[in-house]
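Each of the two complexes below includes subunit A, the first together with subunit B, the second together with subunit C.
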Partner chain A sequence: MKSWLIKYFAVVRMTWIQTLEYKANALVGTFAIFSGLFIEFLIWKQVFQAQNINEIRGFTFNGLMVYIFLCMIVGQLKSSWATSMEMIDSIRTGELNKYLIRPISFFTYHFMMFIGHNSLFYIVYTIVIILFPILIPGWCFHTKIQIVGFIISLGISIYLSYTIYFCMVCFAFWFGEVRSLVIAYNIANSILSGQIIPLRLFPEGAREIIFLTPIQYLVDFPVSIATGNLPIEFWIPKMAMALLWCCIITITGRILYGYGIRAYGGFGA
Partner chain B sequence: MVMVYEHMEALVRRALSLWVSFFQNSLTRDMEFKANFLGGLFVDLVYYSVYFFLFNVIYSYVDTLGVFSRQDIMIFLVVCYLADTCDMFFFSGNIFSLNQLMVKGELDFFLLKPVDSQFITSLRKVRAYALANFIILLALLIRQIYYYPNNIALINISLFILSFIMGILLWYSIDFIIASTCFWFKNFSVSGWLSHEILKFSSRPDSIYTGFMRKILFSLMPMTLIASVPTRFLLYGPDWDLFLWQLFITIIFLFSSRVVWHRGLLRYESASS
Partner chain C sequence: MPIRVNRISKHFRLFKREAGFSGALKSFINRKYEDFHALENISINVEDGEILGILGENGAGKTTLIKILVGLLHPSSGEVDINGFIPWERKTEFLKQISVVMGQKNQLWWDIPASESFLLNRNIYEIPEKNYNKILDELVDLLDVKDKLDVQVRRLSLGERMKMEIIAALLHNPKVVLLDEPTIGLDVISQSKIRDFVKFYNQEYNTTFILTSHYMHDIQALCKRVYVINKGVSLYDGDFEVLTNKINPRRKLLFEFSMPPDTRVIDKLLTQYKFTLKNNFLEAELPSDDLTSLVSELFKMDTPSSITLEDLPVEDTMRSFFLEPEKFIK
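Showing the complex of A and B:
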């Protein structure tokens, strides 16, 4: 266990050093969140003003903005599409060989790389999230337990998201070019996970379908905990369900990888 | 005067024949990787669907956003997608890789060629699959116009086409200026992401922007001139002041893209700079 930790911590540290060289990523990421929030602010302001209402499906205007703001942050933190592209390339070009002849797991190595790459985002967004309730109190993290719940559910969301991407990456063993699949998932996920509009505002039919999938645990679940939209008695059952999804998708990924590695030629596509 | 005209004509002919060669090369390459071709279509289909869904959700809570009704917004979205498809077809494959060309020093190959460097770096790769999208979206736009409750006059359509072309040129200029800043930052790998985030303002109807922000988005950061203004001409008829303003801004931004490019080239230090 100790050697496992030392080995993969070295990967996180290595990517962390690389990431520090590209600080512009964090700047553009922060700009993306605030510009996105600003656009949503303008759209929903018009909706609230035009209809002359104070609430839409339980959301006040300020409550909605806080929700969207946190959704955008969580959405960026859990998205590992850039790492997925590298993994697809390593399968296509035969670079995967180096993972096969070394005592290192393709899955864990890239997961640690993803954590390392995102580390700068974690620091910047943690500062933003800490500052947020101080500057604008009363809209999120009302109790300490909400902070704990948010951190745990965010961890689950990041892992779950990575395993979904990993399953898609595994299709590269058979089809070679699956980048389109990852990009399409990424685009669809940005809307369907509630990153731009809360799931609660979706039509009933669409929501029922989404609730049958693990998508609801990616963004909506952690943010609902942070904003107090999800009563505390639902946290444990929902977390258990999210963990079950993590297990199911991890096992699916392992099966796909196991079959895929047999189909893998070990040379550039 | 005749000499100048003949010179200009020869330049345009040469540029056109070069672009046709670029297109043929790109098409041949794209056809070799059919999965990429189909994948591109699939991604765009998902992109269009989710944004239609997004606006459907918004319009389930409101009847109009400013002047844009639900039917108007559907036409606006098709115009946005068309602008995106044109950018994909002509420019995006090239501009996206500009930073890499600069970092690896591969830009040398283009600078040594007897052709305008901005022309070749902006247009050498054509994403042929976007042509299929363009045809589908155009058919969709024609259908939407046909079923639009109000009469759309020929002058609206003519102005829309001109305004749409100016919108594409504006999009290109902004994207190219942002990508060209890599000469100053040395390695600006997230320029594509930054462009995408700025251009996101163009994919929302201009009626949501008010006050100072509206002024900015009509001038310094003219995102509303890319899709909203052409849609306005198409649906609500001519506004000559706005049309002339769009023309003026387009010329300014095209000129700026040239200035930034040439200034940037002066800082370029070739391989591994």
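Showing the complex of A and C:
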């Protein structure tokens, strides 16, 4: 276990060093999220003013902004689409060879690279989240247990999201180019997970379908814990369900990878 | 770490399409596939500490064979046993004992210095720190790249990068190293340094090397034994010198007379041997036996100012071989 940790922490460390090589890129990437929030702010402000309302399905304007901002942070932290694109490319171009010839796991190596690349986000967003209850009191993290629940559910969301991407990546073994699949999933996921519009604003039927899939655990679940929209008695059953999805998708990914690697041609390298 | 390869074949299913937009459109609607036999019934045994050269033209199947040996590809049929391991099972213990350097691909992180990639490999291969420092120092000295360790990989020259790749591949002290075109694109000095290094490393550590290269000088300098593949089929397995002699048994003689030779004797020799004579310099390209008798005749005439016996350029020899391999090997 110890050597496993040392081995994969070394990968995280490498990504930190790489991130620091390009300071400007890292800083712009970290604060890019604020442009998205600004656009959402303008749209919803217009909606509230035009309709002359104080609340939409239980969301006040401030409550909605807090919810959306948290959704954006969670969405950013769990999204490993850039890593997935790299993985697809490495299968298509034969770069995968350099992972296969070493005693490392392609899945874990890239997961650690993803964690490493996102580390700067973790630091900045942790500071933002700590400042949240101070700057806008009363909208999230009312109790300490909410912080713990949020961190655990965020961890599950990050892992679950990565395993879903990994399953899609594995199709590159047969089809070569599957980036359009990842892009299509990304678009669908950003809407259906509640990243742009809260799930509570979705039609009832659509919400019921989404709640049958693992997508609800990606963004809506951690944010609902943070904002207090999900009562504490639902946390454990929901977390257990999310972990079950993690197991199912991890196993699916392993099976796909196991078959995929047999079909791998290693061309181009 | 003995390598046993028994009748392996590898078939790929490749899709083909005509050139141009209409070809792309046709292929989009109805994609046509073709079976490609990259390797057919290949068997090789390699012993500990051997340096085996794998020869063949582009597309002959050399890289496919290397990829099967390191476990990147599953063969369509046949068996491979490397010291009790089946490569494509990719067991950790096996991966810790082999290494591969592909001249056209790199495992180093592009944007950061090579020294960081070495540290990563140290953790991946779980190399104890003391061993790591000793091996790294030795490799860096041998390949003369000490001052380049902290330079971003993308800023290194091709030769320096290849040296770094070799260091990264050898840090865990593998028992088998597969080098696929390690000198491709390098200048002659870098090529020669890498050849010298491989030779030294093989002798020092008894490491088994399997090497593919289009530069015959690499093969000539390093490999006593070669395995020749043509269109996926084995053509020859044996001594490289025997092969080159078989293909071109001629050698070149340059004999400088110390004084103008007797023209009558020369005319007589010309009836038996083919050579040219210009300003006391006699030049002949003959099979070894004929050359030996010509030299003894010439020594009867004169003690030469200088004499040189050369093999014909191995590149030319192998080129003529690959044009018509069936002519030389039946």
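Note that the second predicted complex is superposed on the first by the 260 of 269 C-alpha atoms of A that agree within 3 Å, B and C clash if a C-alpha of one lies under 4 Å from a C-alpha of the other, contacts with A are read in each partner's own complex, and residues count from 1 in each chain.
The criterion applied here is as follows: a residue touches a chain if its C-beta (ideal position, glycine included) is under 8 Å from a C-beta of that chain, and two chains touch if they have at least 3 such contacts.
Model, not experiment: these values are computed from the prediction.
Participant: For A:54 in the superposed arrangement: first (subunit B), second (subunit C), both or neither?
Facilitator: In the superposed model, A:54 contacts neither subunit B nor subunit C.
Participant: Which partner chains sit in contact with A:95 here, subunit B, subunit C, both or neither? Use first/second/both/neither.
Facilitator: Touch status of A:95: second partner only.
Participant: Given the touch rule stated above, what does A:39 touch, subunit B (first), subunit C (second), both, or neither?
Facilitator: In the superposition, A:39 contacts subunit B only.
Participant: Of the two partners subunit B and subunit C, indicate the one touching more residues belonging to subunit A.
Facilitator: B
Participant: Which holds for A:6: it touches subunit B only (first), subunit C only (second), both, or neither?
Facilitator: In the superposition, A:6 touches subunit C alone.
Participant: Does subunit B (first) or subunit C (second) touch A:201, or do both, or does neither?
Facilitator: So A:201 only meets subunit B here.
Participant: Could you tell me if A:262 is touching subunit B, subunit C, both of them or neither one (first, second, both, neither)?
Facilitator: second
Participant: What is the shared patch of subunit A, the residues that subunit B and subunit C both contact?
Facilitator: Touching subunit B in the first complex and subunit C in the second, residues 22 of subunit A appear in both lists.
Participant: Using the touch definition from the top, list the residues of subunit B that touch subunit A in their complex.
Facilitator: Answer in residue numbers: 33, 35-36, 38-40, 42-43, 46-47, 49-51, 53-54, 57-58, 60-66, 185, 187-190, 193-194, 197-198, 200-201, 204, 207-210, 213.
Participant: What residues of subunit A sit close enough to touch subunit C in their complex?
Facilitator: Touching subunit C from subunit A are residues 3, 6-7, 9-11, 14, 17-18, 21-22, 94-95, 97-98, 100-104, 262, 264-266, 269.
Participant: In the complex of these two chains, what residues of subunit A are touching subunit B?
Facilitator: 22, 24-25, 28, 31-32, 35-36, 39, 42-43, 46-47, 50-51, 56, 175-177, 179-181, 183-184, 187-188, 190-192, 196-197, 201-203, 206
Participant: Given the complex with subunit A, which residues does subunit C contribute to the contact?
Facilitator: Against subunit A, subunit C makes touches at 12, 67, 70-74, 90, 92, 95-96, 98-100, 102, 104-107, 109, 111-112, 116-117, 119-126, 152.
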